[in-house]
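Structures for review follow.
Two complexes come next, and they have one chain in common, subunit A, joined by subunit B in the first and subunit C in the second.
Let's look at the complex of A and B:
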């Protein structure tokens, strides 16, 4: 045990003695690990919000299917769905998009009776009258929208909207560029009266798969007798599959990009850790000449890498945490959440779980080991006189 | 053991302890979050948004696959059609279109194959 401790102290001594080399190595590792930790924590934060979106959403979503794509559905289906056994609630929804100046905004129309009393706004109140809308904080901030401001959008400039409220930034990331209005206003704005983008069905527990199947069979693509275009039915289990697949790290393009960065980092670190290689060779030569075994030299270098990794991984984690929590991920979050700009208009969700942090440490270990172990072994196995030359 | 080594060891222990505490604090703060406003909002709109994007740009599917579960960018390269969405890259989520089997083999076709 004493021998291992002595090797550890020698390794720390080496790190302190080769200050420049150690600092460069730690900074390189922080540069590699910082985006990794940041991305994983943002991913976990969004996952949390996304799960709420899935769980609190409807049990079944029904739209029309036009040429294989989603299309508006007639409100005539509403009554039929309401009469089905096991159905608790049915309501139509309009989800569309339109440019608000140069910003793409999501326009959502819902029946007024669907507004809960518990909803809290940053300013103003929920819409009550025709033409009133609630806007996201991102839109309100960028375009200095105040309560009572009237505006029109070029899609239908005859429709005048009035801002009645501004969403709280804590709601979700998707409410930032959202304009919420009454269902009738949205239908009027998009000039699609009697239609909805989707019909949302809430069912009693256990009924959703059966009802989804029934709707699909009676009016789906496979039924040649159904009049009008076929319907597309999505139930909660399908939405959950999207959720699971969408946040699978292997499926994310980020992982592919990070793997490339990692692959480039290994040779870079090989060069960096070879910084002062001549001095290193001499050191190993002296150690060998004074009776050190190759195994001991290797152990000392491994311990050196361990200490370097134990220094850089926590520093990268703390830096990522400070940047995301205190500076709201300024300049960085935009790489992981699309279309938010340099400064996110909402609190960037981030969640630091122990496992990704452990991965960060393991990454650091792998990088430093790949960069130093082979060169050390080669130097340690040649005669000491040759190594010291 | 020199004083410098002792100081470095102490720094390392403090750094690791600080990191563990920071992770534990983050875990605790997430547990304390009462996402009542998120729940109220999502119940009100019927569930909206899933991916790491706040605007429905290029592919609606990356904003919410419930709203547009068909990936329009796969229609490319139809002349005049959509091009690949640049916003599909680098974000921490990516929704792929889940294939749905719509193939139905008719009985007489099967009989014909048997013959």
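Let's look at the complex of A and C:
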């Protein structure tokens, strides 16, 4: 045990004594690891917020099916769904987008009593009267919207809205550009009376798959006898899978790109870790000549790498946290969230989970090992006289 | 009496099989006995350092066998050779080979690290030897703050830290002044008194009168062996 402790302290001593080399190596590792850690934390943050939204959402979403894509659905279906066994609640929703000044805002028309619980009113009150809306905190802050302010939107400028409240939400990514209003106002604004973008069905526990199947079979594409356009049914598990697949795919693409960058970084790190290699070679020769064994030299160098990695990975994580806090994940967040530009107009969601942090440490370890272990082993296994020459 | 070191027809080639092949040692056979002061003497390029490297186990012969303490070390593994160096041989290099960023006592204590000796004990043992070698004022100084003679005494202290039976020195007088040479000879005499075997590779004539056994080398060949009275 004492021997290992001695080697550990010697490794730490070597890192401190070779300051320049150690600092350059740590900086290189941080430069490589920081985008990776930031990206993974953003990906995890978005995934987490998406899942909150899905969990809070309906059990079944029904739309019309036009050529395999979602399309508005007639409100005539509402009564039919309400009568189905196992259905607890049914309501229509309108979701659309329109420019608010230069910002693309998402408009949601929904009965006030069905607003998700994660949406918390900060100021004012929920919309009640015709034309009243509640706006997201981010939008209100950026455009200095206050209670009572009236505004119009680009799609239909004849429709005047009035801010009745400002809300905050756990899901910043969705809510920052969100404007919530009465279903009727949204229908009127998008000029789609009698239609909804989707109908949300809440069911009793265990009924969702059966009901989804029933709706799909009776009114879906597979039933040529159904009247009107066929329906498209998506249950909660399917929506959850879509989200996860989408973000896993993006995270996967980012990891692939990062791996390429890593492959390019390895030669650079080899060069950096090769600084003072002649001196190192001589040092190893002296160690071997004074009785050190190859295994002990390797252990000392591995411990040096371990300490370097243990220093670099947390620093990369801290830098990623700082980047997200002060720069809102600029340059990296755009990869995961469409149309946000360089600086996202809302707090980019992020989550630092243990596994990506462990990956960061492992990456650092692999990189330093690749840079030093083989050359050390080669030097340690040649006769010491040759290593010292 | 059994020799402490014996070589049998030892050859050493550098760049073996290449056009620039060099035969550094040619069929060298010698015997070194315990508690002797031995000199490997010869002009530059005669093979004395190569021979010293081989018998100190920091290099391997191309052909031939080397016996240390009665055992054939030619087939020893890397681990086996490291153990011999760790416990039974102390090496003093021509340019000292001290680690530049370490203090004198840390340089001396370096061989103790893999033995699991804790820092307090390492420091105590190193400082004791440094005091014996009159380096008490240089204990915490790095090599660049020391003279050539002082650096050499640190290198000697490092060679002695594990109390080896054999001390080998390569050209020990080449980088030190006359006063330091005098000190060095005193240290070697003292070590011999303590029962150590001293092997020196040098072309400095000062060692001629000092040594008991002299091996004369030329162009990699052992030309002559001289045995003398104990100094």
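Observations on the model:
The rule is short, and it goes like this: the second predicted complex is superposed on the first by the 318 of 389 C-alpha atoms of A that agree within 3 Å, B and C clash if a C-alpha of one lies under 4 Å from a C-alpha of the other, contacts with A are read in each partner's own complex, and residues count from 1 in each chain.
FYI, a contact is a pair of C-beta atoms (placed from the backbone, for glycine too) under 8 Å apart; a residue touches a chain by one contact, two chains touch by 3 or more.
Quantities reported herein were computed from a predicted structural model and do not represent experimental measurements.
In the superposition on chain A, A:388 contacts subunit C only, with no contact to subunit B. Ranking subunit B and subunit C by residues of subunit A touched puts B first. Of the two partner chains, subunit C is the only one that A:7 touches; subunit B does not reach it.
Of the two partner chains placed around the shared chain by superposition, subunit B is the only one that A:337 touches, whereas subunit C remains out of contact.
Contact with subunit C, but none with subunit B, is seen for A:290 once the two complexes are overlaid on the shared chain. After overlaying the two complexes on the shared chain, residue contacts for A:56 are found with subunit B alone; subunit C is out of touch. In the superposition on chain A, contact of A:327 is made with neither subunit B nor subunit C. Of the two partner chains placed by superposition, only subunit B is touched by A:238; subunit C is not. Of the residues of subunit A, those at positions 9 touch subunit B in one of the two structures and subunit C in the other.
Taken together, the subunit B residues at the contact with subunit A in this complex read 1-2, 4-5, 8-9, 12, 15-16, 18-19, 22-23, 26-27, 30, 35-57, 60, 62-70, 72, 87-96, 98, 102, 104. Subunit C makes touch with subunit A in their complex at residues 53, 56, 58-60, 78-79, 82-83, 85-87, 91, 93, 97, 99-102, 110-111, 113-119, 158, 162.
Those residues of subunit A whose C-beta lies close enough to touch subunit B in the complex are 9, 12-13, 15-16, 39-40, 42-43, 46, 48-50, 52-54, 56-58, 61, 68-70, 91, 93, 95, 97, 103-106, 108, 110, 114-116, 118-120, 138, 167-168, 170-178, 180, 197-198, 200, 221-222, 232, 234, 238-239, 241-243, 245-247, 251-254, 257, 307, 310-311, 314-315, 317-318, 321, 335-340, 346, 351-354, 357. In the complex of the two chains, the subunit A residues touching subunit C come out as 1-3, 6-7, 9-10, 17-18, 279, 282-283, 285-296, 381, 383-386, 388.
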